[in-house]
Amino acid sequence: MATLRIKFLATSIQMQMHLLVFLPESIARPNANGSSRLKVLWLLHDQGGDCSDWTRLSMVEHDAQRADIALVMPDMAHSMYMNMAHGGYPYFTYLSEDLPRHLRNLVQVLSDRREDNFVAGVGAGGYGALKWMLRSPQMFAACASLSGDVDRVAALQHKQAAGTLTDDWIAAFGDTTRLAGSPDDNLQLARQRAATGEAPAPAIHLAFSRHDESCQRDAQAARNLQQLGFVVREHEEATRLGWPYWSERIGDFIAKTVAAER
Amino acid sequence: MATLRIKFLATSIQMQMHLLVFLPESIARPNANGSSRLKVLWLLHDQGGDCSDWTRLSMVEHDAQRADIALVMPDMAHSMYMNMAHGGYPYFTYLSEDLPRHLRNLVQVLSDRREDNFVAGVGAGGYGALKWMLRSPQMFAACASLSGDVDRVAALQHKQAAGTLTDDWIAAFGDTTRLAGSPDDNLQLARQRAATGEAPAPAIHLAFSRHDESCQRDAQAARNLQQLGFVVREHEEATRLGWPYWSERIGDFIAKTVAAER
Amino acid sequence: MATLRIKFLATSIQMQMHLLVFLPESIARPNANGSSRLKVLWLLHDQGGDCSDWTRLSMVEHDAQRADIALVMPDMAHSMYMNMAHGGYPYFTYLSEDLPRHLRNLVQVLSDRREDNFVAGVGAGGYGALKWMLRSPQMFAACASLSGDVDRVAALQHKQAAGTLTDDWIAAFGDTTRLAGSPDDNLQLARQRAATGEAPAPAIHLAFSRHDESCQRDAQAARNLQQLGFVVREHEEATRLGWPYWSERIGDFIAKTVAAER
Amino acid sequence: MATLRIKFLATSIQMQMHLLVFLPESIARPNANGSSRLKVLWLLHDQGGDCSDWTRLSMVEHDAQRADIALVMPDMAHSMYMNMAHGGYPYFTYLSEDLPRHLRNLVQVLSDRREDNFVAGVGAGGYGALKWMLRSPQMFAACASLSGDVDRVAALQHKQAAGTLTDDWIAAFGDTTRLAGSPDDNLQLARQRAATGEAPAPAIHLAFSRHDESCQRDAQAARNLQQLGFVVREHEEATRLGWPYWSERIGDFIAKTVAAER
């Protein structure tokens, strides 16, 4: 078992970026040929949080230990998983290009095979997880979005109409004109993916609570993705919300999907 | 002796902000009345760095231990010590208002008397140190700027003319029109301060190397500040540059100014 | 909300000791007179673990946030919560004397009133929690031991008989001759406490799983403590074990005991 | 550039051990064949310190960046670089066997060639650095001991005679009877090494200050090692002591030996 707290100068973004890596006990075992690699779950935090959220607020390290998988938890600051509309910081490029390349160069026990890689996130991280998988379908075997408000075009429109649009949303997304139809619009990405005629991306797990403000938008997004031909595994929670719910959901994703795959 | 790594939710900026605090050995000594407090040096990092730079790259912790003073090293991300022109994050408000109040509420051994508080920084942190002192002259007994390029109006004009203006400068400062004459223009702050007729702010320590790109601008700023009536202690270095130079300079500031005051 | 990672030179043990402190969101609220203090739960890790175990492996930070209490999680290395029989390191003296004094000197928002302080631990930390409370009944309103194997005399005898006594136990406890009847023998401490005729110590919460190797010893210890007049709240778990069980138990202790008290 | 804070369960010692790794900027550069590896300086802290001492108290990270080498800084607690005489913790086995194997398995950019590996330490870490090199001469190209009091048999005898033998020395070394002539006696290791008739181990750098209590013992050890045929590079400092001296010495070792080798 090992935990690594890594800080490195990311060339794409010219900032020092932080991440946490959890490696299960099996890395300490002698290995005949040195070639076996660990399955990896990339775990994305919500806006307002940081790379330590998942380990501090859920049982995911315990679940990962039991399932013998690695966790990679990047710090994405207040980026909303965007190349910022204002301020010029290409956070998503860092996440999807810099980070996997540098991390695998650094830590050799992580598998880079598609069937061994999974991505999940909570809140803005759930939006980012789906986006990353739709943009890089060759990289992930499955993705999970927890209370992700994955259709950020609809979310932005709602906030504009309700007068609740905050500075961090504007800094990240700009306005709906800019976002809709762009490579940061998950439904647009899904339509493009469906139109290729290739085998659709792997199952999309969407979990949300009826107490989430974004509940109905996520339910609608689930229907839209299904109509496009995606396999959507939906979990709608009636009573619970927040970390107790998300902790249970990530445990379920690890046990039934991440550990089961292969 | 103690070191504290603190993360707290800053209300001004609605983000979790990090800082490092170093406390010297004297805090472990029993204290008759519990009322004695430590002198504090607030230490600001450069753009591209973080709150760990000063301890990792200089001998400042050793110097602070010997001088029996506390160090407070906030993380200011890529803010350039600005309330960002783009993106809406009021980093400077966090630094100058939230941070002192919350930290002193949390850690009671830090003195809040003016004669016990000092601020210094390197690069963008040197610009920030002078700005903070000029805006809050009742808070600090002295400030030091190391290779600080303290006249950011001149710096911005230079970068625009030279075609070297980067996104992080635009995100922080906007353009010269916005910056010049604003409360983020150190020379304007100095003129306002001089015009009050009150006793001028305490001595301003400016150190820079002839190898700094900003060398001539800092030399000019020193002359301008002197003409306004400020006591400027200037150190111009002919041969060295970077951390070996800055480490020596901060050691000198601690030994001759911070430790000597009272 | 704030988290502090503190390292300080402990005078009792002449080592730099680590601890984690969690403070809930209420510390950020302005406070009329500055006098209100937070309830504190002191949380002790198991042998082989460290001060980060509780936040990483359970939901306790989430529970503490909801209940508006502080958590203090000291690092006790491989001490078994003993002044080591071999090697001369007085870890328990550090925990019970140095730590509270220094921490309260440093972080002023922690209440030092008995009715606001609670101690809990898992494994060796559960043994340590009960010992600390029995030795310092004026300090804590309640204690909880999770799978604590609290009667270490019986545990040591069992290990000697079974031939499973390991070096770390010998280094910490020496042998049964040394331990039995000493101030590290919880049942002896309980008998002494009962014999004073003073009001007995507050309720002792003992939780253990039938899957714990120490299950029957903890059940017996519960009966012994009850016979001595202590109020023992026992929770015996039939099916679960490990962190999912402990996480639920600490959440229950926080919700029903720590938050309820006053 | 990257820094890694690693915690892993060390099988030899059955404890979670910490270390810091610094990697210079070159790791971010694209590499044609991926095969080039970094030179490594293993840096050992003094008794009473921890793995963060070198980065916090010296300029070594700056020096390593300039010389383009990696630093590995393990945490050795209060072990004195011994398999403890009392308490049963095999810290030196962890350092010399577990750590290199696990770390190179984890972080692939570190060279494992002899000419690329160097070891240095301060105080007890200086003793440990020489011991590690004498026990594993196939692993290191050079070693440096700073104020290392490298002949711990002489040191122990002195402390016994002077009545200044402290618990931590007894816990680590036991008594002189146990230590003299054992594999923890550096001069005995040197005699054995010399007797093999093989090429002697590489140059031993010994630096000490006349202000060190152990000054004369280190000077005597230097003479003894030279008589055994070792190349000893000695640096005796007349005026300075402590971290300013050690920081300068490690910078010199990096610039003239680590960077020069090949």
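For clarity, chains are labelled A, B, C and D in written order, and residue numbers in each chain start from 1.
One rule holds for everything that comes next: contacts are C-beta pairs under 8 Å (C-beta built on N, C-alpha and C of every residue); 3 or more make two chains touch, one makes a residue touch a chain.
Source: prediction; values computed, not measured.
Colleague: Could you find the chain whose CA centre sits the greatest distance from that of subunit B?
Modeller: With centres defined by C-alpha atoms, farthest from subunit B sits C.
Colleague: For subunit C versus subunit D, which are copies of one sequence, does the interface use mostly the same residue numbers on each side, meaning over half shared, or is it different?
Modeller: The interface is built from the same residue numbers on each side, given that over half of them are used by both copies.
Colleague: For subunit C and subunit D, what's the span in angstrom between their mean Cα positions?
Modeller: Each chain's C-alpha centroid was found; their separation is 37 Å.
Colleague: Just give me the whole-number Å value for how far the CA centre of subunit B lies from that of subunit C.
Modeller: Chain centres of subunit B and subunit C, defined by C-alpha means, are spaced 42 Å apart.
Colleague: Counting only residues that touch at least 2 other chains, which ones in subunit C make the list?
Modeller: Subunit C, residues with two or more chain partners: 7, 16.
Colleague: Touching subunit D in the complex: which residues of subunit A?
Modeller: 1-9, 11, 16, 23, 25, 27-28, 34, 102, 105-109
Colleague: In the complex of these two chains, what residues of subunit C are touching subunit A?
Modeller: 55-59, 61-62, 242-244, 247
Colleague: Once bound in the complex, which stretches of subunit B touch subunit A?
Modeller: Spelled out, the residues of subunit B in touch with subunit A are 7, 14-16, 48-50, 77-78, 84, 86-89, 167-168, 170-171.
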